[in-house]
Structure formats: C-alpha cells, structure tokens
Amino acid sequence: MDKRLPDLATAVARIEDGARLMIGGFGSAGIPFGLIDALLDHGAKGLTVISNNAGAQETGIAKLLKEGRVAKVICSYPRSPGSIWFERRYEAGEIELEVVPQGTLAERIRAAGAGIGGFLTPTAYGTLLAEGKETRVIDGRGYVMELPLHADVALLRADRADKWGNLTFHGTARNFNPVMASAAKYAVAEVRELSDVPLDPERVVTPGIFVQGVVEYGVRP
Amino acid sequence: MDKRLPDLATAVARIEDGARLMIGGFGSAGIPFGLIDALLDHGAKGLTVISNNAGAQETGIAKLLKEGRVAKVICSYPRSPGSIWFERRYEAGEIELEVVPQGTLAERIRAAGAGIGGFLTPTAYGTLLAEGKETRVIDGRGYVMELPLHADVALLRADRADKWGNLTFHGTARNFNPVMASAAKYAVAEVRELSDVPLDPERVVTPGIFVQGVVEYGVRP
Amino acid sequence: MNSLTDAQLAARVARDIPDGSYVNLGIGKPTHVSSYVPEGREIIYHSENGIIGVGPTPPEGEEDFEMIDASKRYITTAPGAAFFEHADSFAMMRGGHIDIAVLGAYQVAENGDIANWATLDEKFPPAVGGAMDLVVGVPTIFVMMRHTNRDGTPKLLRKCTYPLTGLAIVSRVYTDLAVLDLAPEGFRLVELTPGNTLEEVQALTDAKIHS
Amino acid sequence: MNSLTDAQLAARVARDIPDGSYVNLGIGKPTHVSSYVPEGREIIYHSENGIIGVGPTPPEGEEDFEMIDASKRYITTAPGAAFFEHADSFAMMRGGHIDIAVLGAYQVAENGDIANWATLDEKFPPAVGGAMDLVVGVPTIFVMMRHTNRDGTPKLLRKCTYPLTGLAIVSRVYTDLAVLDLAPEGFRLVELTPGNTLEEVQALTDAKIHS
C-alpha cells in the first residue's frame, strides 16, 4: 500500500466541475495552500466549498472566489477581516451561502464520516439558523435535527504522513482536517514531511483508512 | 490545578449506592482493576454498570457481580468465555440487562459527553434490538433513534497522566476509556505512571478537562 | 458618568473567575481577560480551534502560523495543554465541560437572551462562528460590553431586536458602568462603577434594573 | 460429499480479498483468514477494539494484556498501524470505510439477511457485540460457515428463523461445500468444492441455488 502522490497536480486531478469540496483549516492554521493553488491551475469550477472560513486577502479559498470557481460556500464564518473576495461575490449575488454554527458544521461532517443519519443538537434552537428545521424538546431542552454533510473530495493540510496515509498535525492545525478526512470519498493531504518509516501507531491522529492520497509540500506557511 | 489523588480508596469514595457507573475496558485491555477492587472495599451497591463486557472469571466486573453489588448491566457483550458470575445472576433474575450494539453503546456515550440529544443510526434497524424505538427512513435507508447515555462516575484505566488530568493510553487499552471520561460527572483514572511534568500536548489522547481525578496504580495487569 | 476602560473591565471580569476554572474567551474585548488573572489563580483557557491550555502571546519573531487562537492571534501553550480537532473541541463546548464563557454582545435582554452574531444590516453577510455552540453548552455565560451603543442607545433591553444567539442563557453582564446579574425578575444590580448612581445607569438602560 | 477443512475454507476466502483492502475479521473461524493472505498482497486488518493494522500473534512470552483483538487474542502491530478509541473505531465501521468484513453466521437467507447473534434458546443471555454495526457499515459482507448445522439441518434458508443481525446485506457465502453469491434472484452458485455436485449441495440447502 502506497498512498504517496508525486505532486500537487496529481492530487487534485480528479476534481470535477461542480464537485463538493471540503477544505481544512481555521485562520492561518491547517490550510492546504499548496493543494488550493494546484486546484486553481487545474481549473475546476462551479465548486461547493465546505470550510470554516471563506478565505482572507488573496490567499487560499479567497483565490478560488476571486477566480470565480465557487458556486456555493457552506461555512460558519465567511466574514473574516480582509475577506474582500467573499464579500464582493456575495454582494453581487454570484455565490450561494449556507451559514452553519461552527460546532454543528463539525458535527455534521463527523456524522457523514461516522455513518450517522442525523442528530439532535441544542445549538441554534430558537434562532434564525434553525428556521425551517425539525425541532423537538426533550426533558425541557430544545433541539434541532441536523443532517450529515458529505463531500466528494477533501483537501487537507497535515504535518507528517507515512505511505499508509496516517497523519499527524502541528499545534492548532488539526481543526477541521481530521473530521473532513472521514467525510469525503477522496481525501488528500499535503504534508510538511513524508516519513520513510511508519508513524508511531500511538501518535497517529488521522488513521490512513480515511486518507486516499498524501503529497509532500514542505512549506509551513 | 492538581488532580492527583493519594490512593484508590479516595478515588472511589464518592460513589453512592445506586450510582450509574461507566467502567472502561475491552477484554483484558484498559480495565481499571485497581479502582474496581477499591470499589468492592468501599461497599457501594445497587449499581448500574455501563461497560462493554460483564467481566470474566473472578476479576473486574465479575467480582462486583459475584458480591451482589450490581442491579443493572448495560453492555454489548455480557457472554464472554468464563462470565460465570454474570450468567448466574442473570439466570437467577437478580440483575437487569440492557444489550446495546457495541457501536451504538460507544456513540450513545459520546452523545452524552458531546451534548447531543439523540442520533439516528442504521445499526440494528429492523432487528429485535430496535423494537419499541423510534425509526425513520432517509433516502431509502432505515435508521433507529438512539439517546445519550450519561453516568455519575467513570472508572478508567490509562497509561500516563499529569496533574492536569491529561491521559495517554497503551496499545488497545483506549477502547471505551476516552469516551467514557467525557460522559460522566466524575471521571477518575488509575494510571500506570503519574508524570511529574506536563504530557506533550500533541500526544494527549484524553484532555484533562474530561478527567476529575488520577491515581497511580503501577501494575499493568 | 464614570466609565471603566476596556482594561479595567477585563480586570473586573477576571476577578470573578475562580481558581481552576476552564474558560472560553470570545473574540474581541473578552480576549483581554486572560491578562488580568489575579495572583495565585490557575485558569485554563480553551480556544474553539482545538487547544485547551492557551498560553501568552509569543515573543516577536517566534510566531507560528499554526499556533493561533479563535481570534486568529498567535499563542503559545500553557503547562498542561492539549491539542484536539474540531469535532472534539465542540463536544467540549456543547457537552458542558467548560465552566465559564466570556462573550461580547450587541444586545442582552432581561430574560437572559443574547444577540451577538448578526445585526439587521442586510449588507453584511451573516457569520456565526462558534457563538451559538458556546451559549448552549457552557453553564455560566458572562457578557462583557459597553453599556450603550456609540449613539447612546441602550444594549440592555426588555427584548432583543437583533437575531438571537441563544435564549435565556446569560448569567451576568459586565459593562463599563455596572455589573448586573440575570435573575428571575430580570437585571439585578451587583455593583455600580464607583461614582455612578443607579438612576444614572437606569436612564441608559431599556429594561428595569432591580436592586 | 467433499468438505473443506476450516484451514482450506479460510484460504479460499483469503483468495477473494484484493490487495490493499481494509478488512474486519469476525470472531471465530474468520480470524484464521489472515494466516492465508496470498503472496504479494497487503491486507490491513481492523479490530473493533481500537486498532487498524493488526499484526501476527506475538511470540510466546511477549504477550501484552493491553494488545489484543476483538476475539481477545494477543496481537502485534503491522507496519502502518494506528490505535484509536471505540467511538472512532465504530465510526470507521458504520461510516463505510472498511472494505470487507468476514463473519460467521447461524443462518443466511436468500434475500441476504443474516442471523449471527442470538438463537431462540432463552437460557442464554443475548450478546451482540459489534456484529450489527459491521453489517450496516461495511459494503461487502462475506459469510464463512459450515453449510449445515451439526444435525444436518440447513443454514442457507429461504427465511431466517433466528433473530436477525442485519437485513439484506450479505454479499457472498463461503461454506465447506460451495461458494454462493447473493444475487437479486437469491443464492447463485459461484463454485462447488471439487467433487461435489449441485444436486448434492442443493439437497442440504433450504433455499433454491441458482446456477
């Protein structure tokens, strides 16, 4: 078994127009900048992007928005300082937006990866973000029914990988990366370093069974 | 902050008659034998025990059953080779049994720890173990609604801990221990070794926020 | 009227956080609370993006792009820290494991409702982040904000007019003018910033302040 | 009738597991399949109790009580292994990440139903373990069992009489007498153990075998 890929272009080659993409990262941590750049070169458009943020300045997801590749964003917090490309596309009515509370976003992604058909969360009960959704009250507490969120491809950023696809992360770069790995049909990770020997089984954060490809991209941004 | 306890007796002192107890372990791995022995000495009875197995021979949970301390067992697999004390108590009608599929048991415990009010699982749909439960069909697939499983106290076995209650495990001893830590009001772990320095934040498996007490019990059984 | 500075307000909030607490600080003003922990207390800070045990800002030149908090500021680790992923981080929040959250707000109502994620301005795309998860999961919610808007209109209301973040969940409000508990009857005065009178503060408050 | 030994049956199943597969082996006979992986294939074994990359049995004297598989047998790690906790382990199973599960069974019906967790004997307390999670989550379910019960009564039925583990999920059944696929029309013959005829095997089978 060898999941190592020769380059970033190979890693994104299978992404089709209209694909549902998960992209790891929170703020500057754990964003697969290399894979996103490769995706821009690759040219896929009409993408649905599932990510916590919608990019800032001219980097990462903001580049995809600037180049008009994104049809829909599903995220918790599109409005970061400097998220000018998101704001322009949104104001122009050029992209669809689904805002999901951050914990519900993570849990919907986990549900997809874990084969859960839906779950009841107290988050957003009684608010605008629960409008139109099924609710119920259990022991006096209100809950909203939320459904799993699947993707065709997940683009991830990790620290180290071995050829079985096992991943470790650095600092606060885990964020959405491990859970997104589990919810996509094809999860690919750019990593700071490919290890020639298996990673320590006690230290693996994302087991390789969730990862279909790994590619070295040495830069830690 | 110092969660280190002086001895096993202190760790179980707060367990009251009729308490709902989670006990970690699967087979011989990750079972808190020291805490269970201390609980026997402590004397609490009428306990509900939530665990994967119901003990074997004269060790662990089997001892609690033998001594008549258990009123109810919630588990996935009570019938291990040598589970004579479970079988005797069960045949005599002296204990109540709730059998839960293993993944549903783990997920119900996780739901309790994660503030999820319920979830839909395909497991057991159409079988005897779904009888009387709410079901629904989504996209042609059947699901059973399952509810969270909380506990008063969780007894855990870990490899190393620091004074903040952070835990690491050895081999296949993680099993139910991390998830149970999250679902109990008071989670206490016996550990092979208490570390004088903080554990490496990248290697912590169960963050100390889920753990209320740690006690050294050097034996690895 | 005597008005606390942001630093004084942060120090006032910090005084009410007991030793050994697990605390989440919201983005904006609340992040400053960690600079004012009283001597002898150990407070453990959680950040939604996957760390418990947030330490101080690193010295210049030692910043790490992959070591940040929820406000995207550079951080270090405190002793006893741990990293984890997002589903686990929000399990901590939603599951009731964090003791106290300190949040900013646009509005707080006398029944404990809080509005802190969206205004009625349609120009801005909505952005919620982790606010709704925090307010349902953390048993004690402290709100820290100016007593009024810049134009002098009140933020402590009989009823919120902005979209709600959470329903009936605020425990206590710290403003530059006063500290108020959310009691069954509504806002109850805890203390006035020295020099202020209840009448003065009431005049800047839409809801009734009980004393 | 020619009947495969357990070892021959395990080797036959192993032949059908492609290189690079993630596989869960049920307790009992299926655990032997890992001893017969054909030359040149790398198969990665998952065990529900929290390991992927199960390696061979350790040498005597090197057993570790905290290194076991779901059958509670001592194991080692294979290269590329990882440990995890139970909620994650069953997320792997339920979420469709494992390619193939090999299970024992009391009964398999021609619609793909499987019964392998409880008989009708009320003396025994019920025990389900992870069987129901595996059958709903793993896309390819191989069943490995004797063709008949010890008393000669059939285990391949028109309809299961024991409580079901899962509904319409078996892909293929390997018995000592034959290999059968679950097709839309029911059991379809893949191969007979050399020396057996379809008529002989059909006589020991309650459901019709299509060929």
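Order of writing sets the chain letters: A, B, C and D. Residues in each chain are counted from 1.
Convention: a contact is a pair of C-beta atoms (placed from the backbone, for glycine too) under 8 Å apart; a residue touches a chain by one contact, two chains touch by 3 or more.
Just so it is clear, the model here is predicted, and its values are computed rather than measured.
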| item | value |
| --- | --- |
| Chain D reached from chain C - shortest hop count over touching chains | 2 |
| Between chain B and chain A, distance of the C-alpha-averaged centres to the nearest whole Å | 33 |
| Cα-centroid distance, chain A relative to chain D, in whole angstrom | 35 |
| Cα-centroid distance, chain B relative to chain D, in whole angstrom | 28 |
| Multi-chain contact sites of chain B, meaning residues that touch two or more partners | 107, 110, 114-116, 121-122, 169-170, 202 |
| Overlap residues in chain D, where contacts from two or more other chains coincide | 51, 83-84, 90, 93-94, 136-137 |
| Chain-to-chain touches, reported pairwise for every pair that qualifies | A-B, A-C, A-D, B-C, B-D |
| Of chain B, residues touching chain D in the complex | 26-30, 52, 76-80, 86-87, 90-91, 97, 99-104, 106-107, 109-110, 121-129, 142, 169-179, 205, 220-221 |
| Touching residues (chain side chain C, partner chain A) in the complex | 47-51, 64-69, 72, 75, 83-87, 89-90, 93-94, 118, 123-133, 136-137, 163-167 |
| Residues of chain A that touch chain D when the two form their complex | 1, 110, 112-116, 162-164, 166, 182, 198-199, 201-202, 204, 207-210 |
| In the complex with chain B, residue positions of chain A that touch it | 107, 111, 114-122, 136, 138, 141, 143, 147, 168-170, 202-203 |
| Contact footprint of chain A on chain D as seen in their complex | 20, 22, 42, 44, 46, 51-53, 77, 79-84, 90-98, 136-137 |
